[in-house]
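Okay, got some structures for you below.
You will see chain A twice below: alongside chain B first, and alongside chain C after that.
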Partner chain A sequence: MPTILSWLNVKRSGGGWGTTPLKNAAAVDTDLLILLSETGFTIEARRLQFDLSILAKHIPFLLEGTWLTFKVCLISVIGSLVLGLLVAAARTSSSTFLNRLSAVYVDMFRNIPFIVQLFFFYFGLPEIGIYIDALSTGIIALSIAGGAFTSDVIRSGILAIEPGVIEAAQVSGLKRATIFRRIALPIALRTSVRPLGSVFINLILTSSVLSTITLNELTGSAKIVASQTFRPFEVYFVLLVAYAALTWSVSIVIGALHRHLNRNQAEGVA
Partner chain B sequence: MRYGDFTPYDLVLLLQGLSVSLALFVSTTLIGLLVGTLWAVIRFYRLPVLAQLVAFIAELLKNSPVLVQLFLVFFGLPAFLKINVTPTEAAVITLSGNSAAFIYVIAVSAIESVGRDQLEAARVFGLNRWQILRRVIAPQAAAFAVGPLTGLLVNQLQVTSLISVIGVIDLTKVGNILNLRTLKPFVVWTIVGALYYLTAKLVAYAGARLETRLRAHTKWKGL
Partner chain C sequence: MISITGLHKSFGSATVLRGIDLEISQGEVVSVLGSSGSGKSTLIRCINGLEKIDGGRVTVDGFDVSKPRELADARKRSGTVFQLFNLYPHMTAVQNIALAPVEVLNVPRKDAEAEARRLLQQVGLSERADAYPAQLSGGQRQRVGICRALAMKPSYLLLDEVTSALDPEMTAEVLSILANIAKQGTTMVFVTHEIEFARSISTRIAFLDKGQMIADLPTEDFFSDKGMAMPRVAQFLSKMRKD
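This part shows the complex of A and B:
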């Protein structure tokens, strides 16, 4: 079904353009045609093509890009989770120095656009003698930026724990590290599954920015396909739907995980 | 390095970029507020097909990267509709749509935050649906929405940096230009980052101020 719409472009000699959407250009009223041609307009029917079949032979290439996006996102999610845990521990610790340091990190990376951070790393690292490829740079930048958001979520999860729980653990004679690892973290992670999920979904969406540093992930490879086929609308439309489907399925998984982890909780608490 | 040094003119260039970023941020925020609120009102009135359509569009816009939306509008639309779209127009369309989608979500939850008993009381009192929305819901919903809205706007300010990819000379693009000329990435990107940081802080501060003003009526004034 190559044609779903036909447009009629009416051009006035020497004048501007007017565009009239029509269901079928062939069914134009003949009176109108005569009227238009008598008043110095020329008629030109243009077909709007929306043809997804041209993408068929580019699917393997796009899948390669999807695979790269998947790899980058998976590593970055793990990286930002680890970083977020460490920073959340620092932010909730009693040490003033660690507190300040982690607060500055979170504040900076949350308030500076990711693309600026990315360029900072991509152009800056070679300057100080660190030569790594775009892929590693992208993963590092994404993990650091994601870590700031992740740590904030985990921190608020930790702060939401009832003080009584921590006090009970202290009275039981547990060490501070044990309290954090065995008591605080499981509770905090369980309640923050949903916000963590939205941080990770944001991370997946942000990974499209990596196409600006020559990384051919999903968006990067779609750019190449668009310039090869000269059909940017179809390509980017499919890309938009693909990303939406991807993040939507991730949010379903997160929702299921949230329900599974909080299955013993009273209604309204979790 | 004859042309590689920083010049005083670079400051002007940076400020120009910042003003372009800010102008786009402000205008798309205003359009987004208008459209997003309109969508929320459509949902409030439960208009049959329109409400579902709006929810679907908002979901699609929220769940796809802004960069891809930008490409769709800037490269896709002109090829599809055979029209001309300048980078600035594409940026305004995309960012407004994206803001609208997120503002829609905030507005919907703000409207729902007003207790049902109040609506029932207002209905018993004889107010019609529009009066309830205007006189009862709007003032309370606005106070509720300012907090999340500030967070969103800080985020949207950073999203404006993506328009540099399609060639709008905003702050990030200026950073790119300066970086390519001077080859001093650390200095350039630190300055650009600092400018974004300060602007974001300003937006957050303004939001906090507005929130205290709107919540003034619920504040404890002492006996």
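This part shows the complex of A and C:
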């Protein structure tokens, strides 16, 4: 078959059920084949051309979206890391009040769908007079949600530290804050690189939801291009590859970082 | 002076220390002996403030370890060496040793690291000064642990079974270092199962039995008829010698 892809469509003969006839049948050069018909269903195979070149003139626009996704994710990763560190410190501190407060924050934001949090910030808050633009809302929402997951990872990292190591620091007279900063945190971060990587990759994936609040990041701009070109297949195929490449490169960096930070540790850790 | 009077400690309903009295003066080497579970580690952990005490009083050079304000001063005067070393895994030997002098005593980093290297040289580890704990053998790690405690120039060194995680060869190398430190006049409280070694370096032996200090004698007396006259001590020594 000379075409790159075959497309199957199920149609019940006589009724319009189950078919989504291509809106732009002419434009996509369909070549209809009746393959077989049985028990009232017709299966049609449409051979389509898979043609990326039609996206050429939209590349700058898509790149803009990619750049926005990159920017939003980078700031949000930093935001969640800072927030996560503070909250992890609060959750492992000796203050009962800080413990409770931080636990409530983590539980709340981990247990509410991100899109609901986002809508609350973007559509809910203006009702009580708080207006934040879409970009800032997106970054704030991602950082807050990411911070909840990040703090949890860092906290587990801290709790997994050999108690004797912390005791050695205590008896040598180091202050609590110094122990956190010089001992607990560096050890926890070393062991948490991989799980933190998963959190950040998740954050990148979640950033696609920001398209629902008019932010034309990667997904938002792809939606626009898809509706302009009537070529959803090509557009979303490119989007798929773009996200895969983005998250794949992040996991490469995370792997390298993990190996670098743990280069002097026991075999099992590295 | 480390002064312990009427020390009580329980974990939940289990009473582990029942009224311990013990005084340790500058220059003494006191070995704490006793069978497993008698409360030796708990005693050490009450002196360095790792356990909250339930009754009695523990002071180090007059600083009460149960008072948060005084604990820091008490801890500056004692150093602890642990059975499982407890080195900071993300720091080199030198960094492990220099951390507390820099952070607690405000020694300039350069000086603290130079001192760390000097200590490492004394224990035969100059070559491994920049190695990480994971890159060291057990005996080497414990030597770093000893240097880390000594770097704070403590008046008292607390040692809890510091060789029991080591094989005989490494045990010998660590014990010879400890014997040297004892000779230099460092006050030591030494929890151990190495009876012969305890006998050779201690000035005094304290014997714990089920949370009570049933003997506190000069070393010669403990290992003579005086000690043997106590059934629990005689039983313990004969059992330890058999093993």
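Here are a few things to note about the model shown:
Definition applied: the second predicted complex is superposed on the first by the 222 of 270 C-alpha atoms of A that agree within 3 Å, B and C clash if a C-alpha of one lies under 4 Å from a C-alpha of the other, contacts with A are read in each partner's own complex, and residues count from 1 in each chain.
By definition in this document, contacts are C-beta pairs under 8 Å (C-beta built on N, C-alpha and C of every residue); 3 or more make two chains touch, one makes a residue touch a chain.
Here the structure is a predicted model, which is why all the values come from computation and not from measurement.
Contact with chain B, but none with chain C, is seen for A:L240 once the two complexes are overlaid on the shared chain.
Which of chain B and chain C touches more residues of chain A is settled by the count: it is B. By the touch criterion defined above, A:S208 lies against chain B but remains apart from chain C after alignment on the C-alpha atoms of chain A.
By the touch criterion stated above, A:F97 is placed in contact with neither chain B nor chain C.
Of the two partner chains placed by superposition, only chain C is touched by A:A168; chain B is not.
In the superposition on chain A, A:P113 contacts chain B only, with no contact to chain C. In the superposition on chain A, A:F50 makes contact with chain B only, not with chain C.
Touched by chain B in one complex and by chain C in the other is not one residue of chain A. Interface of chain A with chain B (complex): residues 7, 9, 19, 46, 48, 50, 108, 110-117, 119-120, 123-124, 127-128, 201, 205-209, 211-212, 219, 222-223, 226, 230-237, 239-241, 243-244, 247-248. Residues 162, 164-165, 167-175, 178, 182-183, 186-187, 190, 264-266, 269 of chain A touch chain C in their complex. Contact residues of chain C toward chain A in the complex are 48-50, 72, 75-76, 78-80, 82, 84, 86-90, 99-100, 103-104, 132, 134-135, 148-149, 152. Of all residues in chain B, those touching chain A in their complex are 59-60, 63-69, 71-72, 75-77, 79-83, 154, 157-162, 164-165, 172, 175-176, 179, 184-186, 189-190, 192-193, 196-197, 200-201.
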